[in-house]
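Structures follow.
Paired with chain B in one complex and with chain C in the other, chain A is shared by the two complexes that follow.
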Partner chain A sequence: MVNVLVCIKRVPDTSESVLLTDDAMAVDGRHVGYTVSPHELCAVELAVQAAADGGTAGVVSVGSGDAVEQLRDALAVGVQHAVLVEADDAAFGPADVAAALAEVVEAGTPDGTPYDLVLLGNDAADTGDFQVGIRLAYALGRPVVSGVSTIAVSDGVVQTTGAGPAGTEVFEVPLPAVVTVMEGGVAPRYPSVMGRVKAKKAEIDTRTPSVTPRGNGRVRLKLPPEQPSQVVVLGEGAAAAPALVDLFETMGVLTK
Partner chain B sequence: MATVPTTARCVVIGAGIVGNSLVYHLAKLGWRDIVQIDKGPLPNPGGSTGHASNFIFPVDHSREMTDLTADSMRQYKELGVFTESGGFEVARTEERMEELRRRMSSAKAWGIEASLVTPEEVVEKVPFLDPSVIIGAFWCPSVGVVDSLRAGTLMRERAMELGALNVVSTVEVTGLDVEDGAIRRVRTTGGDIEAETVVIACGVWSPKLAAMAGATIPLTPAVHQMISVGPVSQLAERPGEISFPIVRDMDTFCYERQHGSDMEVGSYAHRPILHDAEEIPSIEQSKLSPTELPFTSDDFDDQLEQALELMPEVLGNPDVEIRYAINGLLSLTPDGFPILGETAEVKGLWSAAAVWIKEGPGVGRLVAEWMTHGNPEYDAHQSDIARFYDSQRTREHVKARTSEAFNKTYGIVHPSEQWASSRDVRRSPMYDQEQALGAMFYETAHWERPFWYAANEALLGEYGDRVMPREAEWDSRWWSPIINAEHLAMRERAAAVDLSAFSMFDVKGPGAKDGVQGVVVGQVDVEPGRVVYTPVLDQRGGFRSDLTVMRLGEDHYRVVTGGMTGNQDRKWFRDHMPADLVVEDTTFAYTTIGLWGPRARDILGKLTDADISHEAFGFSRCREIQIGNQTVLASRISYVGELGWELYVPMAEGSSAWDLVFEAGREHDLIAAGIGVYGTTGRLEKGYRAHGAELDTERSIVEAGMMRPRVKEADFIGREAYVKQRGEDPLTVLCTLTVDDHTSSTGVRRYMLGGEPIVTSDGEPLVDGHGRRAYVTSAGSAPSLGKHILMAYLPPDQAVVGNKLAVSYMEELYPVTVGAADATSLFDPENSRVRS
Partner chain C sequence: MAVETDETGIALTSLETLTLARELAEPAGVPLHALLFATTEPPTEQMLGQLGEQGVATVYITAEPRLAAYAAAAWASAAVQVAQAVSARVVVASGTPRGGELLAHISARLDVAMAANVTAIEGLAPFTVTRQVMGGSVLEEMRLADSPAVFTVAGHACEATPAAAVSTPVVTPYRPTVEDADLVARVVRTEAGEQDHSAALSAARVVVAAGRGANGPDGFKSLLELTDLLGGALGVSRVVTSLGWRPHHEQVGQTGVRVAPDLYVACGISGAIQHWAGMSSSKTIVAVNTDPDAPMVTRAHYAVIGDLHEIVPAVNDEIRRRGH
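The block that comes next holds the complex of A and B.
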């Protein structure tokens, strides 16, 4: 039985070409809509699985009221309670977000029991700061493992698995702990209709942080230079088959 | 980088269902050197076709849309991409059941198999639907789904096999060059193409493309939300894409449609979410496609619960996940009809836009025929792009009306229902006086038109039951017995009618006579001062319009026509007359006041010194007269069968002219009468036909019973066809019928509103020589006769005065009798009143 809290951030979907806002201080989500990063989707899935044997899974986001949409998405796939820490996205930098999250972790679950495990995405999909997880662990005085793809909790210990430079890295860390998650270890589930209906009705616990923001120090965001894409037409119809087989072989997905 | 040819006979922009159908039909009709381009990749370039739910329900209340849908279904079947699934429209409320009974009327009127069924019968075919949620359903076995992308590919391939088509994908249009009012060139990222015919078949992007040429296509991209849930074990058990009927949950404005092991739930219930064509993301910017926008789940939450209610077994299963959810873009127009035809602004630039999957191939054929012969097989007046006046092309109007219409997609819409938005645009000069009289305003072509006046309520006491009051709420919605009281007062005394909504245009210049002669059927080589009521035909002898032509001078004609069709009529005249003739819109120069009734001459006589006796100012004559301190053009004609005049008054003087007429009319008990009298009761008693109801391009003069003894010598459009029609027996005959007994099975007197099927006394359908079912084209009170009148085209052997038939209304039969099998009016058949 473990109490897990997942921290998520509402971000524009960046899976296709990225547009910046006019002031280049943020990613523009106008066309693509908002979501959470793939890392966080996996963190939510890990939290739901970890809490499945009688524990609780909670979700928290620091940001504008719009983030309720993402909190409800998490509730729809099995997270049990949600906290929104209302804050001005532009004013809150990574250190401020970590401080605000620490307040939520320290306050514990709705029934007052402490959170054993805090999961975050490895890095934000829009700003790529790579900071909040580590800062949060530091603020809480808890151990932290980053870049984790799967977790297993038993007897007060979380075992994490993730890809490292020399191969798979496995850590065992005593709870309470903080873990930042990389996508790839689990497949996030889709919501069921019932899940969505329940999520729609769930109360969102909305709080105001006591943090005085120090800001993010961001000057501007810059898009990387466009990678030119090259299209090679292999042929048409059945005549293209041999070329396709050759290509598959080069890619290593087929051996002749 | 793809490149385009430098010239083409025709460029079709867009490779969705419309563009693909169009190139195929153009090729079939003999067009060659067609270039089709799309900015996206094939076969799914990213428009609305790519994410369509692809199902087709064939029954619509509009005949035009039903015809296009039926034609499309035939084409999809011929292409082998149609799967019949059957479909239900389920009702949760009694009000909806009544609407489904009305749906039955339309199904029978158009000859489409359908029936009303119980919840248990629904469950037999859809076992996972909870029958306790519904009270009944409309079952249509011919409902089905299509593969619209495959259909498009096949049609492109067929056009290419004919050597007619060159398709270039992934090139984007960057400009459309217009010279001397005509399209000349399409500029693209792959080079420029010289062409004199260009078709915009770009769905939601069409307004943006049209704007490049300075033209307008008044549609808006709008969101239709759709989710797909699965895997559903009950669905997976059966093979294929669809093996369960589609369910439209009408009261919640949603549908559930099987797609393999998934269930798609779509909604027309959410708030209207409109986009701008210019703001649609590019292919690169889009996560899925430019028309599959991010899902806004808040907007769908209520529908999810309602869907769960209807199909708890399937949707309540926690293993069934929402795997796909989009805010899909589709096209909406201010009046719900497609936008087809040559644009008003640019010669050679055509629109084939605002078309859904269910009518795509039919539209492709219609537009191809239109481009080839000028007159498609199906009447297209409801879809004709020329129907929009300038004020109706504005973005504000489009947004207002489509926002209002969106939630009516599955709504219960009364045939006379009025728009609430974008009103008060065109006010007649008499508007203030009419408001003071308590006018109930209806809108036509943006004009506010009084339908009846609350001030005439006192007449109800005077006429008692002669006003034929209606008990059933539906029959009396958007109606008032005051209309019938105004009618009776007009027949006894006199009435003035505001006809400001008339559309007018003048034809001027040397050769005006020959120009007009060549367009209209009637003889207009008459002395100045004559008024000619005449049909206008297309080349096949189909009824394009009916209107009046006044010869005002040697080289000067004025055409007066209805507000609804005025723009289309003006374009038809302009397109079919020598270029050196002036065709000048005079709609806003003159207002029209109709003055009719036995006392009309006494009233007008008080205002003028002119000799307006029958001898001096006969029927179908017009001349300028002075009334008080104004000079007006008076025309002695009538659409209500009474002595009287239409007075054409300079717009600025209309208000004071109205006052003059009423001052003079006071001692004669003149009343103001609304369009309810003018357009329905007065005309129906006289058997006058109305364009859009009895008359359209699928009807002939002979069938409408409007044949004159002679055909003029001068040539005119459709003459050859018309002469041929006159020598043949008609395949259908327009008749006037009266309802003999109105009493329903529950003892309520019911009054038909139009669109109902006419059947034999024992309910058997009547099919005319065109294969069409008999249905009511117009319905309304005939207060002077104490009868309810229906007009309908009947098979010739049934078109016999005295023949006893029945009308089916809300699934009950009411006996009717044929009162006239030609244009003879049931009231004053000798026309003595008009000619008194």
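The block that comes next holds the complex of A and C.
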């Protein structure tokens, strides 16, 4: 039986083109939806599975009040309680987020028992800092395993598997511990109708962090130069096959 | 600079990172030190040659058997000890999973900021970098005010070029102090498995990729045939793995594998920025798509408009007809 806390971040879901705000300090989110990274969706799934035998699974996000939407999505798939740490995204850097998360971990579950396991994504989909989980582990003085795809908890030990340069790497780490997750080991479940109803009514525990932010060093955002379309259309349908095979021949990719 | 090795010697991404690090060190008149975690075997002549071509002055090798199994905290502790011994002003690694993990540990231990996936150095005072965010679809100019400046270099963001003057690196074994607490999270065993395929995918010269347009798990027969005829590897979009049509290790993109083949044939893939993030370094991109306005089509070098289930079999037939 374990208490798990999973950390998620609300990020813009831009699939086609990205627009920046006028001051170039943020992605313009007015015309896009919001989501969380697939890594974090897998972390939520792993948390729910790990807590299924009578443990608890909580979720936390540091950011604007809008992140309640993402917290409710996690509640809808089986997470039991949610914490929103209200903070100004723009002023916070990865060390600040880790410090704010550490306060939540140290406070423990709603009934005051400690969190045994903290799950995060390996990297956030927007800032991609690749470090919040590791900084959190140092702030808490706990061991950390990064980039894992599966976890199994038994007898106070978390066993993880993840891809390494020479094969699947297995770690066995005593709890309490921090683990960062990469997509691929589990399929995140879809919310049931009941789950959605429950999530909608759930209370969100909103807190203010006592972190003096150091910031994130952002000077400005810029878009990579857009290449003008130079596509050569070889043709339509099956009739274009010879033209495509000509291209393969010219490129020398047909070996025989 | 923490260096990674693979079957080619020094990994290509590490050579790229060394080039960027040298371009920083040379004008400043400071030496470039490389750190190799080579506990079982010393670096080969070939590796030393590659490091010399990059102008490396000293190669530190961690001669400590307790670092044989990968333990990020202990490796980072060793790297910090070397960095402090040489008073490093900049600590870098490539933006691989290992490189990013190691540097995140180092920056947490030193309590300094870290920038992930840097593509260029903008200025030294203040130390300012450009880095990839949002999977590479947006660039961020970021200030690194702390010392040492810690950052990873995005893969294939800059080219590995040899130094004007080749050096003869001095090999220095280094025995760091290792704390038991830093060995708690370490690899207890490695199993042969799935990632072997993703390594093959990321190194493939030709990638045939398919998305929702494949229409289902049975829609891959002709695509796999084409992959075979081109001697390439199959890649897929996230829609394909989410729907369980193909395994996750075949996924290309921001949360999947990054590829940089000579030829990328994208069939029935719309070209969402998160997919583009994983294959934009491909030399030649061919799109096969029913929609002439799909981003993959407009950003490709070549396109064939139409149903992949008609086009791909016709291409396979044509390749065989020509006797390839």
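FYI, the second predicted complex is superposed on the first by the 204 of 256 C-alpha atoms of A that agree within 3 Å, B and C clash if a C-alpha of one lies under 4 Å from a C-alpha of the other, contacts with A are read in each partner's own complex, and residues count from 1 in each chain.
Everything that follows uses one rule, which is that a contact is a pair of C-beta atoms (placed from the backbone, for glycine too) under 8 Å apart; a residue touches a chain by one contact, two chains touch by 3 or more.
Quick caveat, the model's predicted, so the values are computed rather than measured.
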Legend entry - Which of chain B and chain C A:Ala125 touches, first, second, both or neither: second
Inset, instruction - Give the label of whichever partner, chain B or chain C, reaches more residues of chain A. - result: C
Legend entry - Touched partner set for A:Ala52, first chain B, second chain C, both or neither: neither
Legend entry - chain B versus chain C as contact partner of A:Pro191, first or second or both or neither: first
Legend entry - Contacts of A:Val145 with chain B and chain C, given as first, second, both or neither: second
Inset, instruction - Using the touch definition from the top, say if A:Ala91 reaches chain B (first), chain C (second), both or neither. - result: neither
Legend entry - Partner chain in contact with A:Ser15 - chain B first, chain C second, else both or neither: both
Inset, instruction - For A:Pro242, select first, second, both or neither according to whether it touches chain B, chain C, the two together, or no partner. - result: second
Legend entry - Contact residues common to both interfaces of chain A (with chain B and with chain C): 15-17
Legend entry - Of all residues in chain C, those that touch chain A in their complex: 4, 6, 70, 72-73, 95, 97-98, 100-101, 104-105, 107-109, 111, 113-117, 128, 130, 132-145, 152, 181, 184-196, 198-199, 205-206, 229-232, 238, 241-242, 244, 248-249, 251, 254-256, 262-263, 270, 272-274, 284, 286-287, 292, 295, 297-307, 310-311, 313-315, 317-319, 322-324
Legend entry - Of chain B, residues touching chain A in the complex: 229, 281, 284-287, 293-298, 301, 304-305, 307-308, 315-323
Inset, instruction - Over in the complex, which chain A residues touch chain C? Could you list them? - result: 14-18, 20, 27, 37-39, 93-95, 122-123, 125-131, 134-135, 137-138, 143-147, 161, 163-174, 177, 182-185, 187, 214, 216-224, 227, 229-238, 240-245, 247-249, 251, 253-256
Legend entry - chain A residues within the chain B interface of the complex: 13, 15-17, 19, 30-34, 69, 72-73, 189-197, 200
